[in-house]
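Chain naming follows the written order as A, B, C, D and E, and within any one chain the residues start at number 1.
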Amino acid sequence: MTSLIARLAAGSDARVFAIAGAGSRAAVQDLRLADGVELVDSPRAADVLLVAGALDPRHHDAVRRVHDALPHPRASVRWAGSRDVLVPGAAHVALGTDPSSAIRAAHQALMHGTMPTEPPLLPDEDPAPWRGVGPYGQGGSGMTGGTPYGRPMAELAPDRDGLRLDLLPTRLGPFSSLLPHGLELDLRVSGDILVGVEVAATGLAASATSASLFIRALTEPVSIAELEIGRARDHLRWTADALRLQGLRALSLRALRLGLHAAPGDHRAVERLAADIARTGIYRWSLPAADGARTELLAGARLGPSTRASGVGEDERQADPAYRSLGFAPLLGAGGGAAAAWRLRLAEAVRSLELAGRGGDTRSAVTGAVESPRGRLALGDAPSGRALGLLPTLIEGMEWGDAMATIAALDIDLDELGAVTAGTSAEAAA
Amino acid sequence: MSDLPVSLAFAAFSAVAVVAGIRVFRTDSMVRAAFYLLASFAAVGAIMVLLGAEFLGMVLILMMAGEMLVMAIVMVMYMMNPAGLNPMVMVHQHRTAIAAGAVAFLALAGVGLAGGVPQRPVTNPGAATGDLGRELLGNSMLVFQTAGVTLLGTMVGAIAIAAPRGRFGDADADSQEPALQPDEEPEA
Amino acid sequence: MVDLGPLAIASAVMVAALLAVLGSWLRAARRPSSRTAPERVPFTGGQPPSVHAWSRYHVRYYPMALLFLAFDMEMVFMYPWAVVFVGEGLVAMVEMGMFIGILLLGVLYAWRERAFRWT
Amino acid sequence: MSVALDAALGVAAVGGMLAVGSLALAFADEAAAAAVAGAPLRPRRLLVAPFRRAASALLTATTTTERPDGGGRALAPALLAGLAALAMSMLPLAPGVVPADPSTGFVVFSAAVAFVMIAVFLHGWSPNSTLPLHGAYRFGAVALSFQIPFLLAMLATALPAQSLSLVRIVEAQAPLWNVIREPLGLPIYLIVGLAVGLWGPLNLPDADDLAGGTSAEDSGLARWLWEAARTSMLVAVAALGSAAFLGGYLGPLLPGPVWVALKTALLLAVMAVARHALARARIERFVEVAWVLLVPLALLNVFVSGAFLL
Amino acid sequence: MTTETVIVVGAALFGIGVYGALSQQSFVMLMMGIELMINGALLVLVAMWSRAAGGSPDGQMLAVVFMTVMAVEMSLGFALITSAYRVKRADITEKLRKLKG
């Protein structure tokens, strides 16, 4: 009986909580298509922890905390360029090779009991020891005094509703499925409304280098076909993530599969995907409605589709003679808002594939700035940096789900941000 | 069905009703208090079913599930320390209250035991729901329509009282902070 | 006669499920390395929370909840009405129509007061 | 003795129906997902997948959180599973064949759906963790809004039966199924059914934008039980929906239980497709639509179907 | 299960409710006491209807009215609590008394 259960369990999909360190975001996303591996949103649901890419020492405790949140029996896999001791006992897989067989092997060994579960990495210390001292066993002299069970309780604050209730401080990230990994937000929620937002930390590793196509295009001419295919793939990958957040997992997989190897001939398939997405009612039912002040903020920030969705024709490609020779004109939305940005992104993916088909071997000009899928990219000035600056103003006052959809729509890429800003600081140092 | 299962079920449900009723005031967590009250109501509903009032019993359970969820939600909203993480006792006139409760129990139970209740059991419990329907549309029509108006008044009143914004400006205009200590003057 | 069948079946399933969860907890607690303090920290992405999550939650839909309390009562009247509807005919239709019409005014008022919105 | 035997038989029958229904739902869900994703369907692998998942849950420890409400945390999945069983135990399988037939079966079912609110709220409240807590309160908004349309959609089926017994409701559909007599009833019932089973477009309390919501802190057996209870609830909703609107065991040629299974499977397939083909609703939008659109429509449905009976 | 035993259970619930309504400082807990009193009364009422009144429909009608009263009491009670909390920031009875005027 026991061996039957173990055999059955070993045949189940290995459920993985993945930490996507610097330079591994796309590779981790691709794992969603791997056989026998299922990426989950919470370490409580996982059997195996996958730690991918480079991670700064300041994130090491967070990694250990995530590790300890996995239920026993648990195992971890380190997916990185070189071996390190971040998670002792983790199997090592080189970045660039497929980790899914190592993950499945670890999962099977756990279920068969041939591999012991990993012990906790953090010391067993209570955050703050607490003993009741008051007459009823409470922590302090007042009725709510002290820090019960090692933590204080939230405190009262006024609210726009006129009811003075508790503000719940919440630290989201750095490894939350709701945010790009590496981003930490300090949120204060009153009920389900975010009333205070601060970006607490960004970036994964100081040494991040990115060989991204668009960063390369900053310094050397790149074939337009290549650039536009890259743009379309990026948009499709973004769509896959955003669809997942909205609970449409099957469509998300379809978008990801398309995004993995979209080529100029695929524009019909992307159009069909866009039509199927529209048919789900997502634009009417799921996404927050456009809001005047927020749309205005985005309109001035050169954030690519988010900006063009409000009808502002801001696009660096217009300045490029190579694009002009192809008859390029930016696509524009109307009214702004998340739904318009979604539609525009999909329409741009189609347009990019068409452009790539017509592009031949035309090469882009080096103008000092490139239109990346996220917006205007220049040395020392990444669109994700501008998006992070706007983020608190954009989502303050929103309902939780609306805020998460809005963050997703901004498409923050910390790798790109790190590479562009690291470039400038290196230049400054030189 | 024989009498024994019914008696056993009655004993069990009575125990749940009374114990859960006591636990309502003996737990630190407000959510638990609300759900204990729900358990007490559900047990009373089940006893009603045993008594042949199937419809009334089930509808009581149905109604109370919604009402106690709202009760729990409102409790959490307005009570400091809603989960009872920090134990506390918030009672006044405790002895008087216990005495009053005991007196109420003894008096009512005494009346029930001594009062000589007439024995006219319900004849056809299966027809009870239909009887109630005909009563609603016939003799008690006025009560029924009055209930409608009362509920309308309740809805309008509750929203007008509780809503954050009304035609006369914000509801919290001219409000003030309470004092931190019982005898202090409130903050301006 | 009274049918306690559904209740008995539901109770049996509940008890079995409860025992399963409790047994699973006991098994986990017996493991030597399990349940250190960091293993119990609620997960929001790898940082420990600064406060307990239990707080005075601002339930933004409370006007709707109050509306529900009153409107839900209509069901108590409608169930017995449905049973006798065919027998009573037009009278039943008219009386219930009046009752429901009155109650719908409440929903209409709540809608006008934006009781269903909170963002 | 026979009482105990009856009860044991009842538990086995109800448990078996829920299990088979859950497997059918898993299959339909996977098929719909494959169709939408454009991926191949692997039926053989699929059929053992639920058993594999259960076995792995058995071998995985159930974690606790910092100072949870332990009782509530254990009770929530058990309560939801019990409610699914409660509802399923009143499903008429053939003329005279039903595990239990209380004369107010219809109200019992409604009460079970109302208690789903308690189970989900408790599930999200008890871990003392932010994301589950938000899920719990979200379900408060969803459940308080769907409750009345749900009760009204079901109520219309009691008019022709002149009874609150589910057996009578099926019998009364011999001349005409309720889905034809009151066409608005089934769509409203299905919309609400999705919310009751925390499924697809109305999976708000356990949604991805809360990283799993009320079940974000669950692991091992407790997590599996919650998922199983959720799907069981969905199966029960589909089964009773087929009884209330699609005539239950009524149908030509085939025996009653086969018809029940076919009709339930049809509704489960609709739900599986809805999960992959429809986007999740914003919470505020759902609340407003439920009160301003579904409640009046459900009332209209009651009165129109009543008018045909006069 | 006799009429008398049911009445004793109802009386016990009523007594607990009286205790709660008199002793609790917090508004919502106070309301719970009142609910529990109504709960006991409802049980006695149904017992009488079932065992002593021969199942006359007005007994049921009275029970339905009780339930309606309970819903009205809760809805308005919570609205008042919200309003009191908004204006006086009071959640217990003493605070409201102290801040009168």
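Here is the rule we use: a contact is a pair of C-beta atoms (placed from the backbone, for glycine too) under 8 Å apart; a residue touches a chain by one contact, two chains touch by 3 or more.
Since we're looking at a predicted model, the values are computed, not measured.
Chemist: Spelling it out: a chain qualifies if it touches subunit D and also touches subunit E; which chains qualify?
Modeler: A, B, C
Chemist: What's the chain with its C-alpha centre farthest out from subunit E?
Modeler: Farthest from subunit E by mean C-alpha position: A.
Chemist: If you tally contacting C-beta pairs, which pair wins, C-D or A-D?
Modeler: Result of the comparison of C-D and A-D: C-D.
Chemist: Of the chains present, which has its C-alpha mean closest to the combined C-alpha mean?
Modeler: Taking the mean of C-alpha atoms per chain, the most central one is C.
Chemist: If every chain is reduced to the average of its C-alpha atoms, which one ends up farthest from subunit B?
Modeler: Of all chains, A has its centre farthest from that of subunit B.
Chemist: Using CA atom averages as chain centres, what separation in Å is found between subunit B and subunit D?
Modeler: Measuring from centre to centre gives 28 Å for this pair.
Chemist: Can you give the whole-Å distance between the Cα centres of subunit B and subunit E?
Modeler: 5
Chemist: Between subunit C and subunit E, what distance separates the C-alpha centroids? Give it in angstrom.
Modeler: Here subunit C and subunit E have centroids separated by 21 Å.
Chemist: On a C-alpha centroid basis, what's the spacing between subunit A and subunit C, in Å?
Modeler: 34
Chemist: Which residues does subunit A have that touch at least 2 chains other than itself?
Modeler: 42, 44, 69, 71-72, 148-151, 153, 161-163, 165, 168, 170, 176, 178, 191-192, 399, 402, in rising order.
Chemist: Two or more other chains in contact with one residue: find those residues in subunit B.
Modeler: Residues 5-6, 50, 52, 54-55, 59, 62-63, 66-67, 70, 73-74, 77-80, 83, 85, 90, 129, 132, 134, 136, 147, 151, 154-155, 158-159, 162, 164, 171-172, 175.
Chemist: Counting only residues that touch at least two other chains, what does the list for subunit D look like?
Modeler: 61-63, 66-67, 102-103, 107-108, 110, 125, 128, 130, 137, 140, 144, 147, 164, 216-217, 220, 284
Chemist: Of all possible chain pairs, which ones touch?
Modeler: Contacting pairs: A-B, A-C, A-D, A-E, B-C, B-D, B-E, C-D, C-E.
Chemist: Applying the document's contact rule, which stretches of subunit C touch subunit D when the two form their complex?
Modeler: Contact set of subunit C toward subunit D: 2-3, 5-15, 17-18, 20-22, 24-25, 27-28, 31, 34-35, 37, 39-44, 49, 52-54, 57, 59, 61, 64-65, 67-68, 71-72, 74-75, 78-79, 82-87, 89-90, 92-93, 96-97, 100, 104, 107, 110-111, 116-119.
Chemist: Going by the contact rule at the top, pick out the subunit C residues touching subunit E in the complex.
Modeler: Listed in rising order, the residues of subunit C that touch subunit E are 62, 65-67, 69-70, 72-73, 76-77.
Chemist: Contact residues on subunit C for subunit B in the complex?
Modeler: These residues of subunit C touch subunit B: 1-2, 4, 7, 52, 54-59, 62-63, 65-77, 79-85, 87-88, 91-92, 95, 98-99, 102-103, 105-107, 109-110, 113-115.
Chemist: So in the complex, which bits of subunit D are touching subunit B?
Modeler: Per the stated touch rule, the residues are 3, 67, 69, 71-72, 102-104, 107-108, 110-111, 114-115, 117-118, 121-122, 125, 128, 137, 140, 143-144, 147, 164.
Chemist: Subunit A touches which residues of subunit C in the complex?
Modeler: Touching subunit A: residues 28, 31, 33-34, 36-39, 41, 43-60, 118-119 of subunit C.
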